[in-house]
Amino acid sequence: MQGMFGQLINLFASVLLLLSFAMLAQRRVVTLIDLFMLQGATLVAATTVVGVVTHQPHLYLSAALTLLLKVALIPWLLHRVIRQLNVRWDVETLINIPTTLLLGIVLVIFAFNLALPISQLSSSVARGTLGIALAGVLLSFLMMITRSKAVSQVIGFLSMENCLFFAATSATYGMPLVVELGIALDVLVGILILGVFMFQLRERFDSLDIRHIEKLKED
Amino acid sequence: MYALYATLGIPLFGALLQAAVGHRSFAREINVALSAATFLAACVLTERIVTQGPQFAWDQAFFIDPLNVFLVTLTAFVGLTTAIFSRPYMAIEAEHGKMTPPRLRLYHSMYQLFNCTMLLALTTNNMGLLWVAMEAATLATVLLVSVYRTAASLEAAWKYFILCGVGIAQALFGTVLLFMAAEKVLGAEGGALLWTNLDAVKTQLDPAIITLAFAFLFIGYGTKVGLVPLHNWLPDAHAEGPTPVSAVLSGLLLNVALYALLRCKVLTDGALQTPLASRLMMGFGLLSVLTAAFFLLRQKDVKRMFAYSSIEHMGLMTFAFGVGGPVANFAGLLHMTVHSLIKSAIFFAVGHATQRAGTQIMADIRGLMKASPLLGWSMMLGALAILGMPPFGVFASEFLILTTAMREQPWATPFLLLALGVAFGAVFMRVQEMVFGSTNLPAGGTAHTAPAHLPVYAHLGLGLMLGIYIPPYLDAWYRQAAAMMGG
Amino acid sequence: MTFLGAISQLLAITAALLLAPLLMGWVNQWRAWMQNRSAPSLLQPYRMLHKLFHKESVVAEHATPLFRVVPYIVFGAMTLACGIVPTLSTELPLAPAADAIALVGLFALARVFISLAAMDIGTSFGTLGARREMLIGFLAEPALLMVLFTASLISTSTSLTTIVETLAHRELAIYPSLAFAGVAFTMVSLAENARVPVDNPTTHLELTMIHEALILEYSGRHLALIEWAASLKLFAYSCIGLALFFPWGVAEAQSPLALLLALPVLVIKLAIGGIVLALLETINAKMRIFRVPEFLATAFLLAVIGMLVRILLGG
Amino acid sequence: MDASATLAATAPHLGLALAVVLAWLLIGLLGLVAIRSFEFISKVLFPAGSIVSLCLAVVAFAALPAQPETAQLPLGLPGLPFHFRLDALSAYFLFVIGAAATGISLFASGYFRRGEGTPPGILCFEYHLFLASMALVVLADDAYCFMVMWESMALSSFFLVTANHRVAEIRRAGYLYLLVAHIGAIGILLCFGVLQANTGDYSFANMRAQQLGPFWASAGFLLALFGFGAKAGVVPLHVWLPEAHPAAPSPVSALMSGVMLKTAIYGLLRVSFDLLHAPLWWWGLILLALGLVTALFGVVYAAAQVDMKRLLAYSSIENIGLLLAGMGLAALFTAYGIRSVAALALTATLYHVASHAFFKALLFVGTGAVLHATAERSLGKLGGLLRFMPWVGWLSLVGVLASAGLPPLGGFVSEWLLLQSFLFTPDLPNSFLNMLIPAVAALIALIAALAGYTMVKFYGIIFLGQPREEKLAEAHDASALERAGMLWLAAGCLALGLLPVQFAGALSAITEQLTGVGLGATLAANAWLLVPMDVARASYGPVIFLVGVALCCLLAYVLVRRFYHGRLRRAPPWDCGFPFQTARMQDSAEGFGQPIRQIFEPFFRMERELPTASDTAPRYRVTLADHFWHWVYLPVARLVTRFAQAIAWLQQGRIAVYLLYSFVTLVAVLMLVRA
């Protein structure tokens, strides 16, 4: 039983990594949101499985929270934003996609290498996946660097948050509840603020292209 | 521990209250009253801690020891003086049409919320909650920075949000790793994220995990501290937000971030028995001091310049804590105190000057001394104080840091000498031109009444006092806190 | 202060005052002879002083009191200088008050005052002369000091009387350092006393004169004092040179007989010195003012070399 | 009250000195209170400050031979209260401060005028704060107290320098001054960091007790040399001095040149002789070499200046160089254990400290009076002022003579002592040094002679000749208080010149403290002759000297009067047959500088504009610039600017790039911790 669940978690982890790569490769903002939703769903599933294995009821709560926030609310919000702002395409990335993917692979190797000695120490069933969580964080980081639209940056940010949650689940059995609640609240407020900002940016700059918001600099 | 609940509750209540009435004309006075109440509560709390020693509250969820109680008092105090400063300031901003009633409401509400989150971050015993509070503080300040809704302020706020958000996400990862290490010793239950518990078992924590955790925590909280090269949000956010916000950002938020970093360092030092944390802090501290000094040279915007000065000073503190040992730690804490006092005072003065001149561009602000001697002197003395001129307190801490570094880390001193020299040259060149000489300010510009300068001079006075006399109880705090940080 | 000391001091000063114009006349006479001119009388300087003292003084309208005081100061300073230098005897009560360094200081004092007086009138020549005089001074002064130091190193003393006593008592050996110092001293003396090749005491050609430019505005008794002081200066320098390089015959303590003997010895030595000076002035040509720094720098270097030789070779 | 009573009982002199400092601060605060009542400040507060200064001088002089006294104030850092100590060295410098300030304050009470820049009350406050901080620098007995006072001194003097901050040039001067002062202060601070030897105890007593290895001791010494050198204006850190001293109001210039520079000498003496108590021989060599370079540089530049206050500022650089050279000699002899000669060199140095304080203060206040009377600083527009301002003129003459190092005034005594100590050098066991040092003596002689040249130029152009401008004829003499101040300073110059035995004898307490040998016994043997070693070796009796000169003068005067008529006729000066001479045809300051420029051409960075024969409007112009400025400071400034430019490129506003920085940093740190 334990073994099967372990494999299931590994599977979800792999899916997570795959989705991260897919996001890195994706140009269309709409698809990006969908991928993000999928990532959220995977996270929910993984959390639930860990909850089942370890009989930790607060993991269910965490899973529910994630479901509500990251699978339902945030994608819905994002969709609304891009519809209203009419940003469908992330026209071009700052670095071309094949290069980005190659960089991504290097990062994954780096992350695995980094996490390997540590994950041995974890008591969690999902310990092997710490490396994947780390890789996900780094990949999201990379995505934020390479994207030129504000929306895709936000999605990168959120995806990073997802991977962090996954790390919390995989390395331990989730953070204490009060912390998880706090984090969720922060994320929610944060995304609301970002949403408002995107409208205001659009209003001020006529664009959500971050290359237009680089007036503040040293000259 | 009602004092603690009051300290945290008043600003929280204030945030809600101001969300309702913050746009009304009396909201500014309410803001002052709330901050004063918070400060009073913090004083009572301090008195408790000083007389009765470190204490828990709410079943270990909060823990107050000398290290954080002094920061709590400082935060509440600067919060209060900034509220006092912002009262006439915001009135003038409203007059100029830069603040509309909805913006005022947002400003007042977020100001209280910001205070609340910082106090929470300081007092909580839970490393996770510390992270949550830091993030919340970021959110509150993002709104504060963008309150003018200008293109520049939006840009600054956006960068601030993204950079700090990403940065602090690394801290979350670090916290997760910390939790993972702690869990093995303390078990999943029993508050494995409580700092007191972690501190108790820190020698048993697994070094491999803690090493990695500290790397992430360092990057995360280091971003908020404004360490180079993670600092890029800081000058933008300081320059484009309202001046009271710049004052609390520099004076308080950076301190709280450094406080979080210090807590992590204590654990890491205990777990590793190697100087990893110290080396990182020294290296990045020094890099920050040096880089910021050179950035200072090219500034045209007065608030931006002092923002870089904040980076420089945070770098110096980080370096001091990295050097470690009772003297350097003491010096670091002292520097934290005086830096927030003096830097916020400078921002107050800058606020007056920019309102008087109607611009933040230094070339267009001339002859403040002629236009208003009180303003000119506050600007001049503030700048001299922050540049490390005695008898102001910044000098006292720089004295201790440099003399200790000379024997402990002599390799660093040429860099420090260079950086402090360049910084002095850069800042003083501008400030002198702003303060001295014939004025180019419009004759009928905004005139501030003498009481408006009170917060500036109060801060400068305190900074001066700390340079030549440190009260025994403050000394005792510093010593206990420095001892806690070990070396 | 012994009675004899007071006597010898007074005698030294009186002798200097009286002999100085004579030395001047002697040099002039010899110079004229060497240049195939008919010579003025040996007593010509006394006659000139007499004439000048009897004439009325004409002072520029806006001259300050400084202008009128300076001749006295210069005269006083030079008289004192002659009183300090051991001419006849080393038993001089005034000598401990001023050693070799103070002597150089004394000359400098006179020079500064006369330059200031020259500037007081505010004519172009006065200031020009002052500038040149100070230029020569700042180059000659260190050279003179170095010459004296070389002697001091030999006698480990800067006191002139001790130097003379030490040098007079040594066996007749050639000190190479003193040879260098001697040449340097001669060059400095020529410059300091406004002699060819640095200055021409008989010229009034405006562009080249130094000493004459300084005193252009003086007349009557003031001029007399200054001229007398100038001859005293020459006398003092000659005596310093004789004391350093030919110290024999100077009377030492408690010996009235030696004192009596010293006077004729001094006169003979001065006479020979005067002829040498006239000779030097005859065989040299006046140099351009811009060459003077080079001339004096050479003197300075020679003096320093002399000193180094003294340290290096112990000679 | 209780504390002050115990202080008075255990440390009477120190208590009094601190009381004086307190009185100064009080006067300053009173000035702040009565910020705009000009009469009160100038007629009551400044004279009061002068009297207080006099008290300080008296107390300090009395404390010279006394035992060291210590006290603590409950201020400063925790565990490190302000320590004060009054020993012979600090007493002496305190005396110099007090004595010079007496005259300068007196002058200042007549000097400051209404309606110039900073309000009088603030000036009064800054002025007395400046005095107080200088006194406390000298009294400080721990590093923190010292640094606080040191920087307060810099700060208060900065504000005084920029009193008239409407002028851009003055602001620039002030900026340069404070910048150099601050960087120097950091150097001193690091020096103390070395000296405390990681004990965390910053008191001088602890530093004295530490035995540092040669490496750390030398590091400490070099840092101190850098720090104090920056304050003293040692080449190549001198650039601020000729800018700041002329910019300040004259009494402040006098204080800065005459007194403040000496605190740097004090600090260097304190650190190298007292705290490090074992100078290595090459420290002495460095001091000597730097001192000579500084002195020669200073005097050559002084001789070429055309602004009277700049001229004096460069002359201060020269004197600092001489002090440094003397100190270097003392260090050399101490290192070789020839303590009696070390004591002699040190006596010379200390003597010069006092005499320079007096004559430079006198000259600076003199220029102040001239500046007030004529509103002119440029030598090319002055002239003939002795007739219109006889008091200032004659009193300045005393300063000029002292500054030129002429007997029988103060400047000569110190030069004499210095040259004497050079002559004893052949005792050194190092043959190289034996060769070198006489040559150095030659250089000292050259410098002294050049100082004479400079001073003749200074005095002759300002006070003698004919006024070069019409308006100079209306120049008024100094007011009574100003005269009194100048009289005091001139009297100081005279006293130092005529009473060297008594004064140098008082210094033996210091040399005993620093080198272990005092000259007091040797000196006391003869009241009228200054005999450092032995009367056969060298002696100097200024009183006899003066009496001798005076007697000769008097004799000449009496004889001339007695035997000849005293007829005197006033006539226009001889015009050389060219009747159209004007005052502008007098030799100018530039002209006076010409031989110097020619001889020392490589010293200067010269820009000349020479007229040719065919010029219809011929124009002659020559500007002098400092090589150091061009070859050291400008390149450094350019380098810093360029670096700042390069670094600004890092921050180009693109959020993606910023994220990349964070990312790279993260990866780098991760790799670092893995390794």
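Per-chain numbering from 1; labels A, B, C and D assigned in written order.
Criterion: a contact is a pair of C-beta atoms (placed from the backbone, for glycine too) under 8 Å apart; a residue touches a chain by one contact, two chains touch by 3 or more.
It should be emphasised that the depicted structure is a prediction, and the values quoted were computed from it without experimental measurement.
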item: Higher-contact pair (C-beta pairs counted), B-D versus C-D; value: C-D
item: Identity of the most central chain, Cα criterion; value: D
item: Subunit B and subunit D, separation of their C-alpha mean positions in angstrom; value: 43
item: Centre-of-Cα separation between subunit D and subunit C, whole angstrom; value: 36
item: Subunit A and subunit D, separation of their C-alpha mean positions in angstrom; value: 69
item: Whole-Å separation of chain centres (CA-atom averages), subunit B against subunit C; value: 78
item: In subunit D, residues with contacts to at least two other chains; value: 648, 650-651, 655, 659, 662, 666, 670
item: Per-residue overlap in subunit B, given as positions that touch at least 2 other chains; value: 158-159, 162, 166, 170, 212, 235, 295, 298
item: Two or more partner chains touched - positions in subunit A; value: 114, 141, 144, 153, 213-216, 218
item: Chain contact topology (line, ring, star, complete or other); value: other
item: Touching chain combinations (by label order); value: A-B, A-D, B-D, C-D
item: Subunit A - residues contacting subunit B, complex; value: 56, 114, 117-118, 121-123, 134, 137, 141, 144, 150, 153, 157, 160-161, 164, 167-168, 171-173, 175-176, 178-179, 182-183, 185-186, 189-190, 193-194, 197, 200-201, 204-205, 213-216, 218
item: In the complex with subunit A, residue positions of subunit D that touch it; value: 648-656, 659-660, 662-663, 666-667, 670, 674
item: Subunit A-touching residues of subunit B, taken from the complex the two chains share; value: 126, 128-129, 131-133, 135-136, 139, 142-143, 146, 149-152, 154-159, 161-162, 165-166, 169-170, 172-173, 175-177, 179-181, 183-184, 188, 191-193, 206, 208-209, 212, 235-236, 239-240, 295, 298
item: Residues of subunit C defined as touching subunit D within the complex; value: 53-54, 56-62, 64, 66, 72-73, 75-77, 79-80, 83, 94, 96-99, 101-102, 105-106, 108-109, 111-112, 115-116, 119-128, 130-132, 134-135, 137-139, 141-142, 145-146, 149, 152-153, 156-159, 162, 206, 216-217, 220-221, 225, 290, 293, 300, 303-304, 307-308, 311-312
item: Touch list for subunit A against partner subunit D, complex; value: 94, 110, 113-114, 138, 141-142, 144-148, 153, 210-211, 213-219
